[in-house]
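In the two assemblies presented below, subunit A is common to both, partnered first by subunit B and then by subunit C.
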Partner chain A sequence: MAANAADVTSRARSSEVLLKVEDVELRFGGVRALRGVSFEVRRGEIFSIIGPNGAGKSSMLNCINGFYHPTSGTITYKGQPRKAMRPYVTASQGVARTFQNIALFKGMSTLDNIMTGRHLKTKATLLENAFWFGRAKREEMEHRKFCEEIIDFLNLQHVRKTAVGTLPYGLQKRVELGRALAAEPELLLLDEPMAGMNLEEKQDMARFILDVNDEFGMTICLIEHDMGVVMDLSDSIVVLDHGEMIGQGTPEEVSNDPKVIEAYLGVQEEGEA
Partner chain B sequence: MMFFFEVLIGGLMSGIMYALVALGFVLIFKASGVFNFAQAAMVLFAAMFMAGMYGDWGVPYWLAIPITILLMIGLAWVIERFVLRHLVNQEPIIMFMATIGIFFAIIGFAEIIWGSRSRTLDVGLPDDMLFIGDMLFQQYDIVTALMVAVLVVLLMIFAQKTRMGRVLRAVADDHQAAQSVGIKLSTVWVVVWSVAGVVAVVAGIVWGGSLGVQPVMVDVAFKALPVLLLGGLTSIHGAIIAGLIIGAGEALAEVYLGPIIGGGIDNWFAYIIAMAFMVWRPEGLFGEKIIERI
Partner chain C sequence: MIYRESGQFKKTYEADQAILPLRTDQIFMVGVLLVAFLVIPMVASNYVMNALLLPFLIYALAAIGLNLLVGYCGQISLGTGGFMAVGAFAAWNLATRTELPMPVIFLLAGLITAGTGVLFGLPALRIKGFYLAVTTLAAQFFLIWLLQRPWFNNYSPTGVISAPTVDMFGWTVDSVTDRYYLALIILVIMALIAKNIVRSSTGRKWMAIRDMDVAAEIIGIRPMATKLKAFAVSSFFIGIAGVLWGFLYLGQLEAEAFNIYVSFDVLFMIIIGGLGSILGSIIGAAFVVLVPIFLNVVPSAIGLPLGTAMISYVEIFIFGVLIIFFLIVEPHGIARLWSIVKQKLRLWPFPY
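The block that comes next holds the complex of A and B.
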């Protein structure tokens, strides 16, 4: 399949489809959280899913990640359709994520949290680890070095050794991003990376997201409330409302779509006026 | 004074035995944030199989012990497959309730096979008197202490010196996040419950050897609770130190306070010690501080 093409040059938003969601429906009993959702995420782009509260954005991300399994429809990742995928399998295929309400290991330091992101990159066996010989020691050093680079990249040096439970919210979000980056994912899922942040923190986060995309060519799929941020960041956008797709396209197309304006932007503009 | 030291050492030795049960609790708590009520039942379960296989089927101990270890690994797999797997991302209290269910289920299972009569379990640990200087020791106690020391060193290597330690803490902290970085919960749980099962086998040998194997053993195994609270739920060395404190404390209390306030102190004194310490340090002596930004 085209998905295996090895000739994808460094970053340029290629035409290769990394993730394809087709006609996905998700039901919880009588509630239909998602209905007929279809979209494509291309390698190297920043893709956003937006929509008002309860639109099904997080449900969509959880389907991609394997926490939920679509009732019907298919999700194709790197050319392979997948059904009932377990989260750790998804992770091993190069999908990392952050969570809306921050799921960090609170008692551990920033460094240790980011180190857990290297879990799948560790090859040494339990026995080697136990006696600290062979690959175990060398690997630990390499991972440590990699994680220190992430810490530098995200400006977290001053809290390296701090237990993350004690950090302010904005920094915790950043540590969570660091943990996801440590896995060197091909697809990075961000669930409301800027929720609850002040303006400055939002700008920082936006810059990190752009840098990650730029420097590592990482494909990013994010969910966001903040329309302004999304419009500036994204290459393409899909808009959900009540579990249905009501718009799709580039930021310009979406912000000019009357249906989107009515369902989402319109409401917000009224509120602001 | 000599008498004081003899009482003290006797107390320390029984403390080591409490610690042995507490270790099993600590391991599982570290790995899942779950207080495994069933640990005491696992000790009884292992002891009943070893004593039963020897007594009823004539299986020699050198064979019965490895078989029991395999059985505990099988038990860990069954518990993960049929109970824990379905409770991922649930509140700790739900998992705690499930372990109470496991507690009764595995005792029931063992009793169906072996009945509830008491048995002896003597795997041939040396059991003579031993004088060092003027002091009287039991060889059994010394052998036990050595076994526990080896076990503790191995467990500490497992939990602290290996990558496993970080994985265990991650799983205990947040199931969802652990899965998202690629940790396979089912494997971690089977491994940890198996290790706790092996600890239960050792505890079963030691306890069964000194008390005999009978259902009431579970009550004594619950002496591990104050040890656990005192040492901190997540600390392996904490369990040992707390075991020593509680063992020594209750033995001395029995001898020196007993005549004043009446006997039977050792039934409740351990809890008093644990509570007194907890007022001062709620997370136990070596437990992880609970970190929460408010």
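The block that comes next holds the complex of A and C.
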């Protein structure tokens, strides 16, 4: 994980816009999941999307990585406007993600899941693999080394060879993060990485996210319901409600925005009371 | 293989990723190969070789092929018999109509079957599970029908044609011992190739598609290319098995010999032996070949001979029960049961 020296400066936000979302609309029949959403994510920042359930947050991530295609509007990534493209193309451009409802390869071990995340970096052909010569063996060792670093980083050593389907929820979330990191993405999309975790697990996960951002300069776009976490981690935030963008800015700006408090924070406090 | 895994620490990733990381497993495998190559040819009768060992070796190869597709890539196929027939008839026609050397014919027959597999795998890009099973079932019947057209047996009046003598790099594979050796060598080499593939990035891609194709696509795996590759490789293995079945075991070719029952047998082998396990494919093949013989020999040895009809009922019953058991309780088959036993033995006699 060679980090660019310039990126290492703590939580540096460069002025380069990595991802630009303009006026994105997404419809499922009559449901308008996104209504004219626009925002910018700058390279190196931690960007959060928040909003009540059904606000369209996951849909937004799905549009960014090509799983859904916006009905209208444009998404510009690294200066290139994006046409409708398959998720594997987006992945090859350096976008990795995790899912709200964990999407791991359940029959495979932790190590194999993370190794699979690295597959875009493998060049060995089927024949090389079949006879275990040339790049097949060499790459396997290189990737193994890299993945072991991720395993150490995420403290997954003890479950390295365990089938992930049998792991507890919190660990699965971590393996999924590991798989995304293995691709060395430029943009990491995390859909509720801390959902269903206890306090300690949440703190661990927050630490991992900060470290990834600090040490490797990875740009992170995350969805999270825990306001404390969001306010602590984020450089900037966008607030969605019923598919509409109702607020945007730094954590302070957003938490003081009356519209946001009314639509979201208020609702959540009621919900928790 | 009662041994302890503990105390064997791997010092390099290379050692850890070897096919058999444990020394004890390595020794065991060498032992098995020695027995297969040296002891069996000395002690086994011609009858045992012909009726038991040859079909076992060839079935094992077909089972490995099918397991690559079903167990590793999660695509279902009921067309194994049809694809074996494609391999056998491709090889026969190449041998009859060209002057190519036998190793080349084997290879080409495998490649032709791979191509056929890709063709019939195309629907898998759109459909899954039950519907794919029905499509491959249709492939089975279509291929057998197609290969019964007179052109494929060079207008033989009976529709039955005899296989040419196999000559491998100057070695005339003639006696049953020769044929046993050739089948064994090919199985060993191809099992090794299969093992290499499944432990490599190709194998991980297949398993990713099997476990969750949406997530696989999101980390950059092309579902189409990956599935078709699985169909191709699987069919290549099955095609070679078909050549061996026709040339080494049957000696005579007839499309009907590769009917739907062959497809089911091979499918049973991988379900019983273990989906997603190369070793399991081999164990499953041994099991399916041995059970009928066991039923023939054991009851009469203890003075309760079963009639032929009875044997086939009992056989069907046993397979039925086992398949239901493995599908519901242990989809990873005997191979998995074995590794559980190993796990337990590792701690024995102190379970905690």
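Here, the second predicted complex is superposed on the first by the 258 of 273 C-alpha atoms of A that agree within 3 Å, B and C clash if a C-alpha of one lies under 4 Å from a C-alpha of the other, contacts with A are read in each partner's own complex, and residues count from 1 in each chain.
Heads up, the rule we're going with is that a contact is a pair of C-beta atoms (placed from the backbone, for glycine too) under 8 Å apart; a residue touches a chain by one contact, two chains touch by 3 or more.
As the structure is a computational prediction, the values presented were derived from the model and not from experiment.
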Clash or fit, subunit B versus subunit C on superposed subunit A: clash
First (subunit B), second (subunit C), both or neither touched by A:99: both
First (subunit B), second (subunit C), both or neither touched by A:183: both
Which superposed partner A:231 touches (first subunit B, second subunit C, both, neither): neither
Touched partner set for A:119, first subunit B, second subunit C, both or neither: both
Touched partner set for A:163, first subunit B, second subunit C, both or neither: first
Subunit B versus subunit C as contact partner of A:17, first or second or both or neither: neither
First, second, both or neither for A:148, with subunit B first and subunit C second: second
Shared subunit A contacts, counted only where both subunit B and subunit C touch the same residue: 65, 67, 86-88, 91-92, 96-97, 99, 103-108, 112, 115-117, 119-120, 122, 124, 126, 129-132, 136, 140, 179-180, 183
Subunit C partner contacts - residues on subunit A that touch it in the complex: 65, 67, 86-88, 91-92, 96-97, 99, 103-108, 112, 115-117, 119-120, 122, 124, 126, 129-132, 136-137, 139-141, 144-145, 148, 179-180, 183
Interfacial residue positions of subunit A with respect to subunit B in the complex: 65, 67, 86-88, 91-92, 96-97, 99, 103-108, 112, 115-117, 119-120, 122, 124, 126, 129-132, 136, 140, 163, 165-168, 179-180, 183
Subunit B to subunit A touching residues, read off their complex: 157-158, 161-164, 166-167, 169-170, 173-174, 176-185, 288-293
Subunit C residues touching subunit A - in the complex, by the definition given at the top: 13-14, 16-17, 193, 196-197, 200-205, 207-208, 210-212, 214-223, 229, 233, 276
